[in-house]
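Shared chain: subunit A. Partners: subunit B in the first complex, subunit C in the second.
Now for the complex of A and B:
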C-alpha cells in the first residue's frame, strides 16, 4: 500500500541532467524540479518540458509501461521512463537521462528507431500450415486447437512491447554497429514466437541463421537484463534457436539422410533486402 | 503541391490512425485492391489499443455453449441503455466471432480452454463468459497481430505524422494536410476515401486511462468537415483506475481483476456493490460501478487515497500472477503494492467515448462523401454505456467494414486533387502555431481545459456546473486563435503538436458539455444530479451534433435508429429486466 512507499525518499527537490542536442552537438543540461510521491522519470521530464524547456523532445504515449515509446538511458541504464520511480534512484546525485545509443539521434531524448521496423518487415509472418488436421488442429468452426502449454511458451515472447531497449544494449548493435548483419534480440524473439507456433507452416531456419545472423550473438544476456517485461530472451528464445541451427545445419546424420525434422514446413521466399541502420 | 515544395502522396484509401480499427481498416482496404496509406501520430504498434487488457467480446460459445449473437446483442443494448444504433449492435454481435477466429489465423495467440479452443472470461454486463483474452494484455496481442498483417499487406505507413486538416473539394473530402513530427516538414495527401480511426479524447480530463495521443482529432476534423457526431455526452469513466501515487492516478486497472473474482470494499470493509446492484455485484456495468465507487468516496467511506479497495488477495497467488500479470507488475512497481497480499486502491478514470462520428453501420461512411470513421472515432454502437470487451470487437468488425466501404468508394471514383486554397489555408494554420503573433501557451491551456472538464463535466453533472463549464469553454474559444508553440523549431516540437491538439480537445469539450446540458436525464454514463431518473423522451433520442465552429454548434435530438426484425429481442430483454 501507499504506506510502504519509502519515506527516506520523500518528495522534495530533485536534479535531472537531461541530454539536449542533435546529431551535430549536445550536452547534459541540468534542471531542478519539485517532486511528488511516486513520481516517475517521465513525469519529471514532462514537467520540465511544460515549465522550463518547452522544446525538449521526448517520445512517449501510454505512460503505463504498455506501449514501449519512452525508452531512455536513465543513470546509464536503459529503462522505460514511465516505469522508473525517482525515489528508486539514488537521492544524493542528479538523475541522468540520455537517449538510446544504438540508434541515430533525432533530437534530445528521441531516436530514429525505424531500422527496427524495416527488420520486422523482413520476417516472414505467421502462415498456417496448408493442411490442418480436422478435429486435432482445427475445429469445425475453423478455430485453431492449441494447447495452453504452447500458448504459454509463445506468450512469453509476445509480451514484448517493442521498447527496443534489448536492441539498445546488444553489443552487436550498440558497439559493433552490425545492424546490417544481425536482427537483434527483439527480432530473434519474434522469430522464436513464430517458430514455436504449433500450426505455423514456415521454416525460418535460414532466415534465423543467415539474414538474421543469430550466430553473432555471444550470449552475454544484456538484453535479458534490461527487458521491462522480464522476458528470458537469451535462455528461452536465442539459445534454443542457436541449438536448432547447429543441429540441423551440422548434424551429420541428418545431412546423410537429406531430411530435416521440419518437413511439412515451407521455406519462405528468399529475402535479399538487408535493413541497414 | 510539389511546386510549393510540400511532400505529397496520393492514395485510393487513406487511414488516419494505427490503433486496432485503423489497422483492420487498412488491411481490408488493401485486400479490396485499394492503394492504401496509413498515417499515425506515433510509431506503429504504440496506439492506445495496446492498453486494452481484458479481452474481446465474441459469442463463440466455447465456455458457455448457450451463448450466441442474440444474447450478445441484447447485452450490448441493455448496457447501452437502448440508445445504441441497433444495426451496429447487431452487426457487432454477429460478426465478432468471425473476426476473432480470423485474428487467430493471422497469428494471434489467446488463452485456451481445456478443449484447446479459445478461452473466454466473464466481464461486466455480459450474460455469459464471452471475452477472448490472453492474460491481461489482449490489446497488445491484437495490435501486434494487426501490425504485422498490415506491413505485409502492401500498406504504406507514415509514422509520427500529424494531420491538422481534412481537405475538401466542394462537398467531398479529398485528402488531408499535416506535418512530419520528426522534421516538421509539411505533408499533404490526396485520397479518394479517407477513414478516421483516430480513437477517443481522454486527454480532455486530467484523470484518464488514455494515451497522450487521445486528443479527439478525428471528432474535431470530422466536425469541421461537416460531418455529424452522435451522443458525445456519453463519456465512460472506467470504475477502476489507480488513485495513488499522484503520477499514475487514472492508470487503468483492468476489469479482468473483477472478472477473475476481485471484490470491491469500502473503508469500512463493506462489500458495497450489494447496495447498488446485488444481482451483478462487482460485474455490474461500468457506469453503475463507477458511480457506486464515487458515491462511497463522496459519502466518506473512501480509502486513504480517495478510492475503493479492490481485492484479489483471497485468490491463489500463482493464479493472479498468471491471469493478471501486468496488474501485478503495475502495482508492485508503481505503488509498492503486492496485489496477491493486499488490496488495491481504485477510483473512476476517464476511459472511453461512446459518442463519435455518425456513420452508416454497414460501410462506415459519414454524411460527408469520401469521409469514413470507425472504432472509437465513430459513434452509435455502444449507446449510453459500453460493455467491457465490446471495444476490441467493435474495432475489428467496423474497422473491416470501413476499410471495405472506403475501398468500394475509391474503386468507383476518378482521381481527386486538393484545391490549392484549402492547402494554403491549412499551411497558414501551422505557420501561425509556429510564428504567429499569439501568446497562448498550449501546455497551459491544456491544463485549464482539463480543469474545466474535470470540475464541471465529470462523472456527475448538473445544470449549474455545465453552464459554468460552457461559459469557461467559450472564454477559451476567444483565446484559441492565439495559440502559439513556445518554441518555433520544426523538429519534434511538442508545443507545435499540442497547439492543434488543444484546438481539437476544445471542440470535443464543447460537444460533451453541451450534449450533457441538453440531455436532462441520467442514463448510462451520463448522470445528472438535477435529473436523476430516466426520461421516456430521451430514452428514444440520440443527440446529433453538427456545425462549422464551436460558436455555431447545433445539437438536435433525433430518434434512435431501430430495426423491426430486432424489436422482439429488445422487448424480451426489457421484459426480463423488469421481471428481475
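Now for the complex of A and C:
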C-alpha cells in the first residue's frame, strides 16, 4: 500500500472530506483549509476542529505514531492520521477521512474499540512453567533468564501499538462482522507471542483454534499491509499458529508418531465470556 | 462546508482511489492461463522430452518419467499421477491462497475493498477449504519430485554418455533452482525445520534448527517472488521442450 510523494504539491489550499455523524446517520462533510509544509492529516483535522468545526470528534494523543489513538481511514485505507503526510496524498483531489469500519461508531472519527479489550481479557497472560530450572531459567532473585535467540522472535510482536488497524482491515471483522467467532490479527499475534515463549506453561492452541477462530483467517495479509509498525503479522504470527494447529489436529504423520505440540503445558482456565461487539 | 454522498457497501465498494483491481486481474489471468496450459499439455501428453542427438531433457511437468523409469504405460494422461503433488503444493501454499482468495473468491478482492456477499463465511474451517491444512503433506511429496527434477537436470548434461551443455540444460537448471527456492521457502517447511520450537537455545539440536529456521526465513521472505518466478520457469521450460521436441527449432548445445 505504498504511495509516492507528490513533489508537485506545494503548500496551499486543500479540501478534506471528513465523516460527520453517529450510529444513526452521517455523511462526508467537505472542508477547505490552508496547508503548510510537512503537515500530516491529523494536523489538518485538528486545524479544521479549531477553526471551522469545534464539535468535530477525533481521538488522538501522542502525535508521534506510538500511541495508536488516531487510527482512521484516509482515502479509503486504514492509517494513523499522525503519520500520513498531506504531500503523500494526491494533490488534485479531496482527502477523505473516515472512522474505522470494523467497530461501532461513537461520533465522527471516534469509534468504540472496547471489544478489543474484552477479547484481550479472554487470553490467559504469561504464566511461567512450574518446572523452571533454577540457575538456567530463573535466577536466585526469581528473575527469568531467557536467551536472546528466544526473545528475538517475540520482540517483533512487542512493537504493536494497538492502533487496531489490522483488526479494522480484516475482512472477517470488517465485512462479515464475526466479532464473536474471531479474535482478529492483533490477538492472534498476542497468542503467538505467548505460545512461542519458552518459559510459558499454558497450552493455548485449543483457544486459538476454537474461540480464537484462526481457521476463519484466509491469510489475505491485509493486516500486515496496514501495520504502521511493519510487523509481519501473517507470516510470523498467524501462519506459525495455523501450523501449530495443524500439528495438533491435521498432520497424520505427527498423529502417528504421537508428536503433539505443547506437551507438558497445562490447559488455561475456562474463558468467562464470548466477546461480542 | 459541503456534504458529499457516500457509496453503499456492495462488492468492490471502497474509498480507495488507486487501481486496486489491477493485481486481481493479473493474478486471475496468469493462474488461469497456467492452469489451462498445464491441463492441456498433461492431457495431450506428447513432446515432453528432447531426445534428439542423444539428449535427454525431460519436461518438469512430466517428471519423474514414469514410462521411462518403471515402464508404466497407459493411454490415459499419466502426468496427472505426478502433477498432483506440485500442483497440490501450489494450491495449498499460503501465498497462493492469499492470491486466489483475493482474486477468484473476492474475499476480499483487495484490502479495505468490500468483498463478495456471502450467506455464511466459514474461511478455512469447512470442506473443501479446510483441506488447505494438508499443505505440508503435499510438501512431503513435492520434495520427492524436486529430487527427480535435480536428477533430470544432471542427467540432461550427458549426451550419449558424453558431457555436453546447451540452452536446454541452462533452462533446466534455472528451473529446478527456482523450484527448490520456492519449495524450501515454504511456510510449512519453515515451521517444521524450527519454527515449531518454543525454545531455540535449549539444546544443541534446537540451536542447529534455529540456524536452519533463520535461513529458511530468508527464503520465505521472498516466497511470493519465488512462487511466481518458479511458475513461469516451469511454464517456460515445458514450452521450450515442447517446441524443440516437436521440431519447431533445435536446442543449441555443445558436446565435449
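In this section, the second predicted complex is superposed on the first by the 259 of 277 C-alpha atoms of A that agree within 3 Å, B and C clash if a C-alpha of one lies under 4 Å from a C-alpha of the other, contacts with A are read in each partner's own complex, and residues count from 1 in each chain.
The rule is short, and it goes like this: contacts are C-beta pairs under 8 Å (C-beta built on N, C-alpha and C of every residue); 3 or more make two chains touch, one makes a residue touch a chain.
All values derive from a computational prediction rather than experimental measurement.
Within the superposed three-chain model, A:139 lies in touch with subunit B and out of touch with subunit C [touch as defined at top]. When both complexes are overlaid on chain A, the residue A:110 reaches subunit B alone and has no touch with subunit C. In the superposition on chain A, A:93 makes contact with subunit C only, not with subunit B.
After overlaying the two complexes on the shared chain, residue contacts for A:197 are found with subunit B and with subunit C alike. Contacts of A:12 after superposition on the shared chain: neither subunit B nor subunit C is touched.
In the superposition on chain A, contact of A:217 is made with subunit C only, not with subunit B.
By the touch criterion stated above, A:39 is placed in contact with subunit B alone, subunit C being left untouched. Look at A:121: by the touch rule set out above, it reaches subunit B but stays clear of subunit C. In the superposition on chain A, the residues of subunit A touched by subunit B in one structure and by subunit C in the other are 1, 147, 197, 200. Across the complex, subunit B meets subunit A through its residues 42-48, 50-51, 60, 62, 97, 101, 104-107, 109-112, 115-118, 134-135, 137, 139-141, 144, 148-149, 151-152, 159, 182, 209, 211-213, 244-248, 251-252, 304-305, 325-326, 329-330, 333-337, 342-343, 345, 441, 443, 485-487, 489, 491-495.
Within the complex formed with subunit B, the subunit A residues making contact are 1-2, 4-5, 22, 36-40, 43, 49-50, 54-69, 83, 85, 106-108, 110, 112-114, 117, 120-121, 125-126, 128, 139, 141-148, 151, 154-155, 158-159, 161-162, 193-194, 197, 200. Interface of subunit C with subunit A (complex): residues 1-6, 9, 14-18, 94, 97-98, 101-102, 105, 107-108, 111-112, 114-115, 118, 121-125, 129-130, 133-137, 140, 187-188, 191, 195-196, 198-202, 207, 210, 220-221. Taken in their complex, subunit A has these residues touching subunit C: 1, 3, 17, 19, 27-31, 52-53, 73, 75-78, 90, 93, 96, 98, 147, 149-150, 153, 169, 171-172, 174-176, 178, 195-198, 200, 213, 215-222, 225-226, 234-235, 239-240, 242-247, 249-253, 261-262.
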